[in-house]
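Structures incoming, each one as structure tokens.
Heads up, the next two complexes both have subunit A, just with different partners, subunit B and then subunit C.
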Partner chain A sequence: MFGFLKGLAVTISRLPKKKVTLQYPEVKPEWPERFRGIHEFIPERCIVCNQCARICPTSCISLSGTRGEDRKLRIDTYDINFEICILCDLCTEVCPTEAIKMTGEFELAAYSRDQLYKNMEWLYQNYLRHSGAKELEAGTGETGGPGEAGVGAAAGGGAASEQKAGGTDE
Partner chain B sequence: MELTPHTPSNGGRPRVLFEGFTEEESAELQQAGVLVGTIEQMKAWARANSLWPLTFGLACCAIEMMGAGASHYDLDRFGIIFRASPRQADLMIVAGTVTKKMGPLLRRLYDQMPDPKWVVAMGSCATAGGPYVRSYSVMKGVDQTVPVDVYIPGCPPSPPALIYGLTKLQEKIRTDAKRKVGRL
Partner chain C sequence: MAEIRTEEMLMNVGPQHPSTHGVLRLVVKLDGETIVDVDPVVGYLHRGTEKLAEDLQYTQIIPYTDRMDYLAAMLNNYALVHAVEEAMELQIPERAEYLRVIVMELNRIASHLLFIGAYLLDLGAMSPFLYVFQDRERILQLFNEICGARITYNYMRIGGVKWDAPPGWIEKVQQFVPHMRESIKMLHDLITGNEIFLNRVKGIGAYDAETAIAYSLSGINLRCTGYKWDLRRNRPYSIYDRFDFEIPVGKNGDCFDRYILHLEEMEQSLRIVEQACGQIPEGPVMGKVPKILRPPAGEYYSGIEGARGELGVYFVSDGKDKPYRLKFRRPSFVNLQLLPSLLKGQNMANLIAILGAVDIVLGEVDC
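So, the complex of A and B:
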């Protein structure tokens, strides 16, 4: 009897307080800055050093590149097998040019396993959806890292023409 | 049954277009307050809004699953109430690493669930083996033993990601009923 009243007292004391439930599907959650969602990839910055593929504990990254006429390596394919990616952030940490970064994207549930293979095109579109959009909003917004001037110009050009076109010409 | 955005012409009420009826007939039915749908669609509506998952927490994903069930994310809002018995459940959330020893038990619990039933593979381990993909003792995805409806990647997926996956499953239940290819 008294135990019941004790429990009820807790319930009643909670009633006037603020509700703690987050209204997720209607209101998107605000993640911390360093939240690890799926990656974004910027092909212009990649120097095909293979460090991300080598450090990946599950070997879920595979990439290939060719040497251009200016003796510089250009990325051709970049695939992440997101089925087995454990979002450890090591690829981001080793990347010398910050070509691969994590985003806050988490809505990735799929009906088939094939949909969890993410290629370079998807990852670049993910960049445009996330920090790419932010960078374009704040002008060029490029800081640090080698080869940034060229990337900034490319990103700026994409902003001037059309965001979609910037994605497809990769 | 199809909803059109409401216009001032019909008094601000959303106009419903029922399958197999003309626009006038649909308007008349709506005037009379009658809803028309196939039995399958009605059943899907009920099933999608009262998914009772069997808690199959095997590893760290289970912590996130519990977090999704607790007050911050509150799965009860969606009619999702965890059951501890396969006989009372119609959804199995496989949350965690399934070892080869656990696989047959997973199958047995799946077989003990009454139809209709669905399976959600939560996390990298249940989807494809995750970090243990080269292990000798871990199953490379639960789809080797049970049919999986929704895969949720992440290690572990955050509660919102789980909720998103469950919303996708509800969507799938509804669309399957429309296509009349639903299981049982």
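So, the complex of A and C:
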């Protein structure tokens, strides 16, 4: 009987303690800097070395690039299939130019499987939402001054490649 | 009065049952309340890790090991990288070894905490589960800071670790140690003396050291019989020979001994963490390793003391960057083999108490 009461005393002593539960959807958790969430991708930095696609244990990255007029490789498409991505961080580890990085974003639930295929545009937007926004605030952004210019460049690049693709079709 | 006709009954416990800790199915043959026969059916969580590994480079296998024993993924990480390092005879920087030991022992504590919480939940006590999760949460928070994940760490690399500890991390671990000691005391007060709990576990599911060795049990399932066998001492790996710690052993080999050993091992792990935090040197965390890892052709085996027993990695290399064959010796799977003979003749209500004390993780049983 004594041991039983001793246990009860522990329970009662815990009653006035502060609650530790996080009311999740209302209160978001704060993740540390190294948190491995959904990727972000910066097309300007990518040199199409294909290392991320090769190291990926589940082969969830597919990418393609073309050689521009200045003999430099330029990324055209970059897709991550989050149905099979295990967020292991090996792709960001091998990336020599830090074109692919991980953010603190972790909410991936979707209503259809198709929505889990994220393309380059989505991943770049994810960059603007996370690191990009932070870098702009700190004034250390890769794109320099105004954010609009960066978006414009990427969108322009995308449009150009589409035009090119259209051109080859004709 | 005419004699009542009785017959044996077949009952499925699981695969979807909260007390089987995952997707284990036990086909129980019952005679009234007494268990006549038990047939554990495994494989509901089989993902073919060993076969997948044959098509992966050694670095790429590390995230897969996270998903075997998902309560002690750091130890799984280490088992694999240690086997490859032994095979390639790589030099590991001191700081990396110390960081590995700290995270491994913290992970052992987290895993044992969850055992205690889940075991008491099996026996019908709700509050210990909530208490241990608070402490486990602190450990997971520390892991989140050092490697960016709470469960699937993928922290170790062949030749070192992925990241150095962030500034102030070691101090946080040092602050955690006394806090955890308090928590262990609290758990003793809360559970160890409780008469209801003692009646459920004392003398239940007992076996002797001979049986344990015959079934090649390891870890706490072996030590609870009084047989002192811990790979950290008996076959020292990493830098465990530098630390001063004891191997707690039981004597009756029953469920209570297995429970109390988990608590005592946590204290020893805290001692190791404390010493490692004091001794940790500065320096690099990644050794010089070739870009493409090609262990020389041959067969290699290395075992470490996992949270549940001897966690072994056996692989055959044919000199290429991928293993020819990789086999994990998972302690949960081996320890589970004793269950049918242990349960025969027991009361049905003891099934959960005995199964829970074996401390299996289904991700590891099925691999």
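The definition used in the following text is that the second predicted complex is superposed on the first by the 132 of 170 C-alpha atoms of A that agree within 3 Å, B and C clash if a C-alpha of one lies under 4 Å from a C-alpha of the other, contacts with A are read in each partner's own complex, and residues count from 1 in each chain.
Criterion: a residue touches a chain if its C-beta (ideal position, glycine included) is under 8 Å from a C-beta of that chain, and two chains touch if they have at least 3 such contacts.
Model, not experiment: these values are computed from the prediction.
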{"item": "First (subunit B), second (subunit C), both or neither touched by A:Ala110", "value": "first"}
{"item": "First, second, both or neither for A:Tyr24, with subunit B first and subunit C second", "value": "first"}
{"item": "Touched partner set for A:Leu90, first subunit B, second subunit C, both or neither", "value": "second"}
{"item": "Touched partner set for A:Pro32, first subunit B, second subunit C, both or neither", "value": "second"}
{"item": "Partner chain(s) touched by A:Pro57 [first = subunit B, second = subunit C, both, neither]", "value": "both"}
{"item": "Subunit B versus subunit C as contact partner of A:Phe82, first or second or both or neither", "value": "first"}
{"item": "Contacts of A:Val10 with subunit B and subunit C, given as first, second, both or neither", "value": "second"}
{"item": "Partner chain(s) touched by A:Phe2 [first = subunit B, second = subunit C, both, neither]", "value": "second"}
{"item": "Residues of subunit A at both interfaces, subunit B in one complex, subunit C in the other", "value": "20, 57, 86-88"}
{"item": "Of subunit C, residues touching subunit A in the complex", "value": "56-57, 59-64, 127, 131, 134, 137, 144-149, 152, 154, 162-163, 166, 186, 189-196, 198"}
{"item": "Parts of subunit A lying in touch with subunit B, wherever the complex brings them together", "value": "20-22, 24-25, 29, 38, 57-58, 81-88, 106-113, 116"}
{"item": "Residues on subunit B engaged by subunit A in the complex (per definition of touch)", "value": "71-74, 77, 124, 127-131, 133, 141, 143, 149-155, 157-161, 163-165, 167-168, 172"}
{"item": "Partner subunit C, residues of subunit A touching it in the complex", "value": "1-4, 6-7, 9-11, 14, 20, 31-36, 55-57, 86-90, 93, 102"}
